[in-house]
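Structures given as structure tokens follow.
Note that chain A is present in both complexes that follow, paired respectively with chain B and with chain C.
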Partner chain A sequence: MKKPDVKVVLLGDMNVGKTSLLHRYTERKFKDTISTVGGAFFLKQWGPYNISIWDTAGREQFHGLGSMYCRGASAVILTYDVTNWQSLAELEERFLSLTDTANHDCIYALVGNKADLTDLKAQLPLDLSGASPASLSGTGLHKQVPREEAMALYERILRYKGLDEKSSLPAEKMCFETSAKTGYNVDTLFETLFDLVLPSILRKRNENLVSPTVDLEEYREASARRGKTCC
Partner chain B sequence: MSVKAFELVPAVERELLMGEKARINIECIECCGKHLYVGTNDCIIHHFLLEEVTSSKGKLSYLAQKLLHKYLGLKKPVAELRAASALERLIVLCDGVVFLVDMVTLETVPSAAGGGAKIRNVTGFCINENPVNGDPFCVEMGVLTSKRRTVQIYMIYEDRVQLVKEVSTPEQPCALSLDGYFLCLALATQYMILNYNTGSFQDLFPYNSEERRPIVKRIGREEFLLAAPGGLGMFANAEGVSQRAPVNWSERVICAAVCFPYVVALDESFITIHSMLDQQLKQTLSFRDGHILQDFEGKMILASTKAVYVLVPLPLERQIQDLLAGQRVEEALTLTEGAQRNIPKDRFQILHKRILQQVGFIQFGQLQFSEAREHFRKGQLDVRELISLYPLLLPASSSFTRCHPPLHEFADLNQLAQGDQEKVLHCKKFLIRYLEEVRSTEVVNGCREDVDTALLKLYAEQHHESLMELLTSDNSCLLADKLPAICCSSVHLLCLGKIENCQDLLLERATLHGKLEEHDKALQILVHELKDFQSAESFCLWASSCQDSTYRQKLFHLLLSVYLDGNHCGRSNAGGSGGEYDMAAVDLLNRHGEVFDAAQVLRILPESWSLQLLCPFLNRAVRASMHACRMSQIGLGLAHSENLQLLHDRLEERKKNIVVSEKKGCHLCHNTFSQPDVVCLPGPVPVHAHCVARRVRDSPTKRLLANSSNHT
Partner chain C sequence: MDRDGHPDGEAEAEGMNICRPLKETIPSADTLATSLSLLGNHMFSYPVERDDGATSDQQEPPDSYLSHVTVHDERPDEEPDSNHRESPQTEDMDNSDCHSNDSRTADGGTKEDVVDIDQSDSGEFVVTMLAKAKLEEQGIGVKGRSSPLLEVGTEETPAFMSHRDEDVTADSWREHRKHVFVLSEAGKPIYSRYGSEEALSSTMGVMMALVSFVQSGDNIIRSVYSEGHTVVFLQKGPLVLVCVSSSRQSEEQLRGELLYVYYQIISMLTQASISRIFEHKKNYDLRRLLAGSEKILDGLLNLVDSDPSFLLAAIHCLPLASSLRDSLSQILQKAITPNLVFSILIAKNQLLTIVQEKTVIEDTRLEPADVHLLLNLIGASSAFQAGEIWTPICLPLFNPDCYFYAYISYLDPPECTVCLLLLSTDKEAFYAVAECKRKIEEAMLAQNSLSLIAKAQSYSVSQVGVSDLRHFMYKPFDVPDNHRQLTQFTSPEMEAPYSSEEEKMRLLDLYRYMHSRIHSTSRPLKLIYHVAERETLLAWVTSKFELYTCFSPLVTKACAITAITKLLRWIKKEEERLFIRYPPKYSTTPNPSKSSRGGKSDQQDSTDNGFLQFVLTRQKLKTLRLTLFQEE
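Entry: the complex of A and B
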């Protein structure tokens, strides 16, 4: 089994679409999913790195397992449903405390899923400007969570974590609206996060280098470099 | 989706353990090599020798021999048994007291002889399988006592038992496991990991131990398996991190263990087996009164309240082949790749390659070409395995034979496509693309001629534009074969018009007619225009090479009639004499006598021919006819004797007695018989009538029948 270099965790209330988001990203498909039991994870090869993405169960029954899944996480995707205001509130009430076990430099993203139900532009997989709205079916449901609300929650999360707003990633960048059904913004979400956690991977690798295990390859390179500076 | 990963084999039957006594229950087991110890609720330790027996058919069974039993004199159940084999002692928990007994005599070891002080008020204990003390004659033990909120660590030496640590816990502990310095504990409302050396601890997750009995099972170095809310089996390492996704058990699981790559769990009625690789349920075995499941040095032992069983894993290769037979390629690959760390590297590589190739062929059969190509490439397939599926593509000179056991179940492309010409065409196009890809790589080292020739033939047949490109570039095509190499003449398919009137290309024209199944015209050219009787014969052999014997007979009769017609009509534009054709006809008959229908030949032969002339032909014809007659007589005789044998067997089976008693178990459900009416399966194997009924009802064929009857 490949050892993951870094961990990303999907959190959020039941039925917001965590499994579907992961499925859309890994399988490029949208299909009916059943309620996740316990949790599942997927190993993503990102360049030379292995990223494990944990899909957690939103059901109350499995709530207690959340802290364990978050332990040592480099990124947490807090997911809500844009058509359900309560799902955003739950993030703050129930799920935020689970992330206490994550790494101190953990990155947080707020993701409003099911955007295809409320936004015309999300009915196409990519933000295609110029596509005629007439060709799209009407938006049936009322959007309950404006993006500004999610951004405000993001700011509160930073405060909860005791992080400085100025030196942290801006809410503008870390609040996404996605659709697992159409694929809208899904790749952007995961790829943005992977790029952001890379420094965390590199740091972890460096920590491992000073571990008592001697890496002969690394040693040879280091001594070669030293050789140059000496002569 | 199920796979047969394990088999349940009886080890110690009820009779051997408790005979007719109804109130005796198994409380605990311990297995150490061939020695099996069973503790019962009447305060007795039973000692068995467990021999593994493999039948000539490869079926595994266990033979238990009772060595000894010993009453401990406390009138309480034997709650736990653990072997300290280096010390040749058994650690026993009975009536809240931990003490040592001799592994052979089962006598209590007196303190004076190193039996050590007894540990009192014990509610449970565990052995450290990853000990921190380097002394091989020291056993480390974690102990739960009735003393509130503490765990004690003891070292058991040959001559003393020593308390080395006492750690307090935030709540009352009720189950524990130990690995190195890490204590994994089930407390009243949660699980936690506690390092008893540093005192640091890590909460895992909440769990209500009053609702469900917790499970804390060490499954490997610093990794534990825990029963979680909602019937989950959760994994946790010493850092408090889950590195594997949980498995979904039933709510009532009482014991669990790992036999890589499977998690085995036991509840009161079933054994469930999940894969740690994809978390899916793979097998369910019915098991009544399930009580204990433990792994001892890789051996999985189960006990109901009355009997002991071994859960024997089936060889991994067989599991993988079973999955492939069910076309479950993803699971087969996952299982193969998951087994990497359990198989020596060189053996793994051979296995992995083979599985990749087999998967490739399954996908090829489903016309999933891009997936198939990827697996052929990764599995470094000998391309000729693929080429050989296409009839006549490999040159006659090729030394290739398919590998054994076969990589797939297809005889050839025609069988695979079952007459669907569109499928055949798709497959051919795929092969062209695949050969184009691999022909310049090292995969084709040693068979470059075969690959290029096959590609050339495919190009010619498909009128492919790359044909000339291949011929004019550096290639290893075999153009030397005369008639059988269809590719040479097929080249001219491209300029069909030109060839029709071209007198220099008679041979090619003949081949072309042959390819179009116009054998008549082809033979006319070969016989009358080219006068190449040798080639005419070769033509018949080639054109019928992939056909049945009647087809070949038809061609030879056709050639014979061309010879005879040529003679009688005197049709000879190149001055061939009638005698020449006669001789050719006689030669043909004498050389290939066995192909002809002799009766038909005799009817058309000229009256004037002498018997002597045809002597070799007639000899062969009579011989062949005799041979056929005798062969069928032999066949008849064999069938007759087989029939008699079966009749005999049937009578024998009918005469046999079957003993059914209350002590005997049904082979289907493992329960005993309570009524005299049983059903007897061949063997003879007595089983419950309702078990057979259920089995018949649940069997796939029956279900199929039921479905089909619904439709009618």
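Entry: the complex of A and C
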């Protein structure tokens, strides 16, 4: 195993789609999942860097492990389900305190998954593959969490962390709505975060007196590939 | 006195669920009747025709056609009713005439016997008759009544649960071969194998009413028999487990399966935390903590039905040249880190090798049931196989109150058939343990182990070279010189005519039947020669082994015995390959006097002494590492 340069953690209630999001991003597929036990560790090659990703279990049963997974994290993805208001509330009640062990300059993202169930635009994957017009019909499910709610929570998180709103990343940029099912916004989410943790990687490398042979162009390209941000 | 020309030891009386007469009459048989009838309506609403049993070709035990309720006292069984011959059979191979004295009781008579016993006791008679009456859909004025529990249950709207939304009122739901329910003592639903617990809460409530009714009379309800169904109850601490089965397995077997379910729940939550939770709040909804674990329990129950490891309480390892197994063990032995206690290598869901920490192995050994739970967990969590999993897990038979931390990773992505499982006592040890995996991976690459493992496979019964032998299961018992060995069994692949799922299940059912006869509590047997319709089976238990064999139908007893002699010789010859002979050890405790590998001692210095403490006070370990998952 290559030594990871940086750690990203997925947190959120069970069933919101953390595993599905990661699976969509790494395997480019949406398939049946089994509720995660404990946590699963993945290593993602990002240019010359190794990014470790912890996909944690949302089940209350595993709550005790959460702070261990978060220790030294550079980015935390707080995930909820847009069709389930409680899943947003849980983030504040149950998961936020776990991030106390994260780096002090840790980046937080709020991710409302399953957008395909509520938003027409999320039913089409950005690459337009495999979506038939028929699959567009009948969303039916009521969106319980408007993006504004998530943005308000983001502001509260900054306050909780004692971070200055002006010098921090804006809520507009850090609140995503995604669909692991269609792939909507999934690459954007991960790649935005990876780009944002780059400074953290560079600083760590410098601290370790390793000359960073960085090819920054590579990242620009990678993120430009799917360069649409959420709206 | 062979029956129907079958030289068969099957003719003796069955229906032996001897009921010890109740000392007092059951106080409110009415309540019980209601409960039973509701249960009946829920579970077996279709009328079941009576079968006289005696004419059955398959020679099913006649008691499965009877309906009676068995209420056992909690006290150990006394000498059972004198109507039945109860001295344990001690037939052995030496006794060539071993079955001639078996057929003393005619089947019809047996059935009457049991009913008579039931009728001789008023309380039990009422229960029996009510149960029977209800099941025949001619209730004694109870049909219109309904329990408050039932009403509460049906008013609840089922929560959204996509995989478990089976319609519990449909016939297909009732017709499942084996239902399993878990509920709390307060009657709260915790788990149901089919359909969501919410939709089933009425059924659960009825079962709970049944349990508490019998508890109130100082009797623990243990089983209910009806035409075609056996209902078995098991109470463990604050949990009540119920199995409703039409599989014709024995009560003991079904209870054993419920125990596995209980252990799997313990493996996720620990016994201590379950008791603590319910002491705190009798009404607690345990689904909060178990939500998401349904698939693990579902998977366990499917394994229990399809894998004889559970029946035999033994481990099935993958046959492997002993030199290869040894080299794999050595690889594991060398990749250690402080607080690592078990290193287990698995291929195709079967054990390749297992290496244990020295102090652990001196103290105890890994029980087969704990290994089964681990294998099931791995099977159930393998959906996303690319990652490395780190999760707390309790091994209930090792210590029901504390957690290990399991590292699970596949060594051959993307195929994901070879799995490494490392167990540590240190919650924080993930990166150190992951480093062990890297070492193991490297060593296996150097030795080309993966491609050697890929070639390993289960064997065909044809390799034994005994004609007419179709299949067998052989489980050697501990003998003094390998006392600390893992309990294992060996068995060939199931081949034609047992290749289809139905036929496999049929053979397993025959084995389960033989097993229940051999291990019958009322009348254990040492040897059974059973001529079934499409095969002949011979089961034999000695002080050294337990053996189940399946032959083509026309094999005579003498032939079968010769064949078994050959089979035993073959197993002896292949022993090294078929079993893990001496599970190796390593030392990861900071104990210099015991450490034989000097090269590793530098690694061990940094250990906190948590592990030693862990091993030494294993039994009293209620407090250490228990605080991890407390809610507060």
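Remarks
Throughout what follows, the second predicted complex is superposed on the first by the 200 of 231 C-alpha atoms of A that agree within 3 Å, B and C clash if a C-alpha of one lies under 4 Å from a C-alpha of the other, contacts with A are read in each partner's own complex, and residues count from 1 in each chain.
By our rule, a contact is a pair of C-beta atoms (placed from the backbone, for glycine too) under 8 Å apart; a residue touches a chain by one contact, two chains touch by 3 or more.
All of these numbers come straight from a predicted model, not from anything done at the bench.
After overlaying the two complexes on the shared chain, residue contacts for A:Met68 are found with chain B and with chain C alike.
In the superposition on chain A, A:Met14 contacts chain C only, with no contact to chain B. When the two complexes are superposed, the chain touching more residues of chain A, out of chain B and chain C, is C.
With both structures placed on the common chain, the touch criterion links A:His23 to chain C but leaves chain B unconnected. Contact with neither chain B nor chain C is seen for A:Arg94 once the two complexes are overlaid on the shared chain.
Look at A:Lys161: by the touch rule set out above, it reaches neither chain B nor chain C.
Of the two partner chains placed by superposition, chain B and chain C are both touched by A:Gly39. Shared contact residues of chain A with chain B and chain C: 1, 37-41, 59, 61-62, 64-65, 68.
Contact residues on chain A toward chain C in their complex (touch as defined above): 1, 14-15, 19, 22-23, 26-27, 31-42, 55, 57-65, 68. Those residues of chain A lying in contact with chain B across their complex are 1, 37-41, 54, 59, 61-62, 64-65, 67-69, 71-72, 101.
Residue ranges of chain B in contact with chain A, taken from their complex: 203-207, 228-230, 232, 234, 236, 239-242, 245-248, 279, 338, 341. Across the interface of their complex, chain A is touched by residues 268-269, 288-293, 295-296, 377, 380-381, 383-384, 386-392, 406, 427-428, 430, 434-435, 437-438, 628-631 of chain C.
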